[in-house]
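In what follows, a single structure is set out as structure tokens and then discussed.
Which chain is which? They are A, B, C and D, in the order written, and residues in each are numbered from 1.
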Amino acid sequence: MANIANHEEGSESDLSKVVLDTFRWMILARTFEDRISNIYRSGKIFGGVYVGKGQEAFSASMAINLVKGQDVYSPLIRDMAGRSAFGEPLVDAARTYMGSSNGPTKGRDGNVHRGNPREGMPTMISHLGAMISVVSGVLFARRIKGTLNNSVGATTIGDGGTSTGAFHEALNLAAVEKLPLIVSIANNQFAYSTPTSKQFACHDLVDKAVGYGVNGINVDGTDLIDCIQGFQSCIQKARAGEGPQIVVGNLLRLSGHGEHDDAPYISEEIKKSKLGIDCLKKSEKRILDEGWCNQNDIDDMFKNAVNEVNSAIETAESESAPDPYSHDWNAYSSVKFDQ
Amino acid sequence: MANIANHEEGSESDLSKVVLDTFRWMILARTFEDRISNIYRSGKIFGGVYVGKGQEAFSASMAINLVKGQDVYSPLIRDMAGRSAFGEPLVDAARTYMGSSNGPTKGRDGNVHRGNPREGMPTMISHLGAMISVVSGVLFARRIKGTLNNSVGATTIGDGGTSTGAFHEALNLAAVEKLPLIVSIANNQFAYSTPTSKQFACHDLVDKAVGYGVNGINVDGTDLIDCIQGFQSCIQKARAGEGPQIVVGNLLRLSGHGEHDDAPYISEEIKKSKLGIDCLKKSEKRILDEGWCNQNDIDDMFKNAVNEVNSAIETAESESAPDPYSHDWNAYSSVKFDQ
Amino acid sequence: MSITYLEAIREAQALALKNSEDVFIYGQDIGLFGGAFKSTKGLYNDYPNRVIDSPISEDAMVGLAVGAAIEGMRPIIEMQFADFSSVGFNQIVNQAATMYWRTSVPCPITIRLPSGGTPGSGPFHSQCMETIYAHYPGTIVMTPSTVEDAYSMLLEAVSIDDPVIFCEHKYLYYHLKAESLPRKALPAQKARILRPGRHATIIAYSAMVHEAVSAAEILSKDGYEIEIVDLRCVKPIDIDTVLGSIARTGRVLAVGESFPWGGVTAEIISQISSEGFNLLDAPPARLNSIDTPIPYHPELWRYHRPTANSIEEKIRKLIKE
Amino acid sequence: MSITYLEAIREAQALALKNSEDVFIYGQDIGLFGGAFKSTKGLYNDYPNRVIDSPISEDAMVGLAVGAAIEGMRPIIEMQFADFSSVGFNQIVNQAATMYWRTSVPCPITIRLPSGGTPGSGPFHSQCMETIYAHYPGTIVMTPSTVEDAYSMLLEAVSIDDPVIFCEHKYLYYHLKAESLPRKALPAQKARILRPGRHATIIAYSAMVHEAVSAAEILSKDGYEIEIVDLRCVKPIDIDTVLGSIARTGRVLAVGESFPWGGVTAEIISQISSEGFNLLDAPPARLNSIDTPIPYHPELWRYHRPTANSIEEKIRKLIKE
């Protein structure tokens, strides 16, 4: 499955191709996270599990429009689909959850805290908002060095994360420097239990864009095609030198905040609203309706995903846990010293 | 000179009265700060001196619309005029600059870092943006206790201060809680040497209002009447329960960042632009043109100001410096302990 | 009846809310939801006006508390994890902690920091930040290690007229149980001799107290009687109780879960060395975490922080010196 | 020729910019204006592309530096005053300092903190924050006390592959002069015996080194020879040099300008007590500022921080013990 990013606009066959590609990553993410949730429930995952159920279309649509090896992508906790679409090896995800010493952090950090800064994936810290300026810094450095070319940097945040000072400082700085930064805001209506009414008072999150002097759009986060096209246009603008772009996706998380949370605070009413539509099912229906592939193809996609997931988890499970006695306990790259 | 805040709207005589009152405070502030600058140049002030020259109309117009004993006012470095209009005793200012042990901080903090939190004037720390949430906290507490009544809280910030995370978090929080908070933004075109083009990319600072879901207006910061009426309307809205208000004043500081700075970065062009008009002179002309008082009255105002300033500084100078040996070296209110 | 450390924190807040209308709680998800750890569970129902959800804005949360304190209230701020208080750091150390000194107006706020490591939590949900806050003048920093202390010290924190950083340990939330809540309590700023001994003193606080107790139990099988001092409050430090213990044992090990450079153990060993030098029969010793971020993987985590075993080992060495 | 501490800092940056295209400077007013203290004066003219004004956004400034470091650059961030780095605290200790450990990608950033007290600067323009940053794993914290060190250590800071917190002292900016800049230098992480002695050792760093020297000069009139160790780098601490000195003198006073609880002096005294206990002929002593915010008024300020006189007094006591 190749990462298709530079398809031409407008053509129907291009659209169907990118939709199918994106859809495959959505399936993989959903399959993987469902599996991880099960393992979590069996008590075999250390720490929490945070999934992107319901947000796969929005997440993957951003990443599918990025070019690995060129662009920068710093995902957040609900971006399993985007990570996969960007090119994160599934086994890295499995290794991190299962605590394999072969994982990208060697067991030092867990679950969603994986990445590869040198491969265009700066690794998130937990403090919300903190990654936006880091991605900006990569772009800023490239501009100084003259290596920016066509590249963009993309990162994501939730409705709750927009309340952080870090979000504000970073977005403002990127706007001042007119960096090719794309910030997607997954407005899933809640920050943990807190509804948006206790998080911000603007009519619409996209209203923030004008205050930063940047472009912003809304997309229907449950609608794959709207997501793909929205990101396509914004990422193109960023590449064309039009500065930071905000893409707000309106949707609902179809899970608890973490797998420990049964989310009693999400009303049935909102679940049954348009926001509560499962993007995976909606995409499947649309794909079939459009005739872009048939049910058999889709069944195959799910089967392939299960196989991929099984094999990644098997690999991770077969690997050893980090050994504290041989572990390199050194927080410094330049020096080795005891304290 | 009484603090006139609750005059009725619309009436010509009311307007002239509040204009004259505000103008007097502007004169007092200018006279005091000119004097302090001179003392600074003679080497008798410890630390820096930051003045509000050119910003008096904007600063005093906010405070004149507040009611001491009821409202909260947390000024910043360029708010000598607002402080006076709010009711800060001039001698407090003089004492703080001259390092008198009788000053509100007893010599512990200096120059603009004076205030009286229990009298409605929370005392600024230097970190820009940090006072907005403090003022919000006072209002929040009053609402919980049922003592909010008609009161509002007001605070100020510069164009540069809008880039801080603290500004964002506090304004967003106040908007969510719909607190009667007024934030004035003195856009004097520079943050120290940094022009607004390196500070933000929005077309107009007031564009930020919609992103917080609050009301915002622009006023001509060199025009006293525009300032008074702008604050009047916003403060009334806040009192009426319409939530936070942003008032952006467009003006120029007619001084260096501090008195150590001769501000070579401010171009002649901008100095000669409309922004560079001296609000004091413009007000005087308007007052005379309108026939609200005559030149003799104005000369008297200046004379009175000089007398007031002389007497405040004399008092402060006659007082002793804090004595480290008898000073109460205790950062704790509840306990006395040695470390 | 049996009550956990976590429940004690909730009960203390319930009582504080009941005792005074000036008390309110502000933090992320602490309202109807009852908090990420459920330490405010049910409180919103009883005091909907005073148990209030905040946006994700730690800087503004603390600023708001300071403003409310000026207005005479006694806010409790819950940080969702101690680690996120780094975003409120400026308001804590520069605004709240300096308020009284600058203005003579007290700043009675309590900031609750769910602190410390648990397996699988990783570098950003495991930190102990007492050192950072204790360094600054104007803060009081409490680190309760028992269910009873969690209760009585939190009540005292709310009643104190200065900013209190209340470091409650997440590992103890569910692990620790008591029969009942205390009616009387040792003042928060007094250290407690938890276990008498004569061969050496262990100074510990928060979760490390329990590791120390386990170590002492192991060592007692070999006839070593280890005295344990629970600091309870790390700023101020009750140095008299500490020195009293060392006067009896002549040997001391200070144990802290936080990073090794300049933490509580440094302060305590340094005070002991300066003021109790002649009481010492052997070099005073320290044990802290390894000087790296806190690892996610439980195997690494257990090795990273001091444990009963590493304490035991240190004490054996200390006793031989 | 004569060059100040401040000029040395500018020269080091000029050379760093010249030596490597990966170096850039980012901070408030540091471009054309040359910085609040003029420590980047003229650099913008030579490197307009790499000396760049930032908005007032300390959190984002540090985040940006981290991103640039990932991309292989070696940013220097100037905080306008050390005190304002509190707003960038989270990015410094949680993002930059943990980067290498989490990802195996180094994070070569230098954060310059104009630090320390000067008369009339008050609580928010006078702070020494070395303790805060040194506490966290992953940072290197330098505190140069001489013109030569300001120069050579800043150059070394920029070349180091880890985040360096560079605490330059504002009081020394203009007060301190040297004849020329060094061509060779002691590695930054080595302490320096600044003055040999035999009656006692003073461990100091940054501006306090000079107060210590003045104290030693006064004491020398009474025949006391005081050895002075300049730590230079407070994380890591060169404990070997420190212990070597104490082996000669048997007595030690650690002096720091920052707040008393848990700072550099605590760490150093605690290391000495643990590792050099048998070298000590008297209780190790400490001297720090008073435990209040830093006062504005010069009369209060002079009393608040350690001075030659208060150091002298402490040493006299120490020598008698």
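One rule holds in what follows: a contact is a pair of C-beta atoms (placed from the backbone, for glycine too) under 8 Å apart; a residue touches a chain by one contact, two chains touch by 3 or more.
Model, not experiment: these values are computed from the prediction.
Engineer: Farthest from chain D in C-alpha centre terms, which chain would that be?
Structural biologist: So the farthest one, by centre of C-alpha atoms, is A.
Engineer: From the C-alpha centre of chain A to that of chain C, how far is it in Å?
Structural biologist: 36
Engineer: As a quick test, compute the distance in whole Å between the mean CA positions of chain A and chain B.
Structural biologist: 45
Engineer: As a quick test, compute the distance in whole Å between the mean CA positions of chain A and chain D.
Structural biologist: That gives a centre separation of 41 Å.
Engineer: At least two partner chains per residue is the criterion; list those residues in chain B.
Structural biologist: In chain B, residues 105, 108-109, 113, 125, 127, 163-166, 169, 172-173, 176, 198-200, 330-331, 339 touch at least two other chains, as defined above.
Engineer: What are the residues of chain C that contact at least two other chains?
Structural biologist: 54-55, 57, 59, 83, 86-87, 90, 94, 97-98, 101-102, 123-124, 137-138, 235, 261, 291-293
Engineer: Select the category (line, ring, star, complete, other) that matches the graph of chains linked by touching.
Structural biologist: Graph shape, chains as nodes and touching pairs as edges: complete.
Engineer: Touching chain D in the complex: which residues of chain C?
Structural biologist: Interface residues on the chain C side: 83, 86-87, 89-90, 93-94, 97-98, 101-102, 123-124, 131-132, 134-138, 235, 258-259, 261-267, 269-270, 272-275, 277-278, 280, 282-286, 291-293.
Engineer: Show me the residue ranges of chain B that touch chain C in the complex, using the header's touch definition.
Structural biologist: 104-105, 108-109, 113, 115-118, 122-123, 125, 127, 130-142, 144-145, 165-166, 169-170, 172-173, 176, 330-335, 337, 339
Engineer: In the complex, go through chain D and note every residue touching chain A.
Structural biologist: 21-22, 24, 49-50, 54-55, 57-73, 75, 90-91, 94-95, 97-103, 105-107, 137-138, 140, 160-162, 189, 235-237
Engineer: Name, in rising order, each residue of chain A that touches chain B in their complex.
Structural biologist: The contact residues of chain A facing chain B are 163-169, 172-173, 175-176, 178, 197-203, 207-214, 243.
Engineer: Enumerate the contact residues on chain C facing chain A in the complex.
Structural biologist: 28-29, 31-33, 36, 53-57, 59, 81, 83-84, 86-87, 119-125, 260-261, 290-293, 295-300, 302-304
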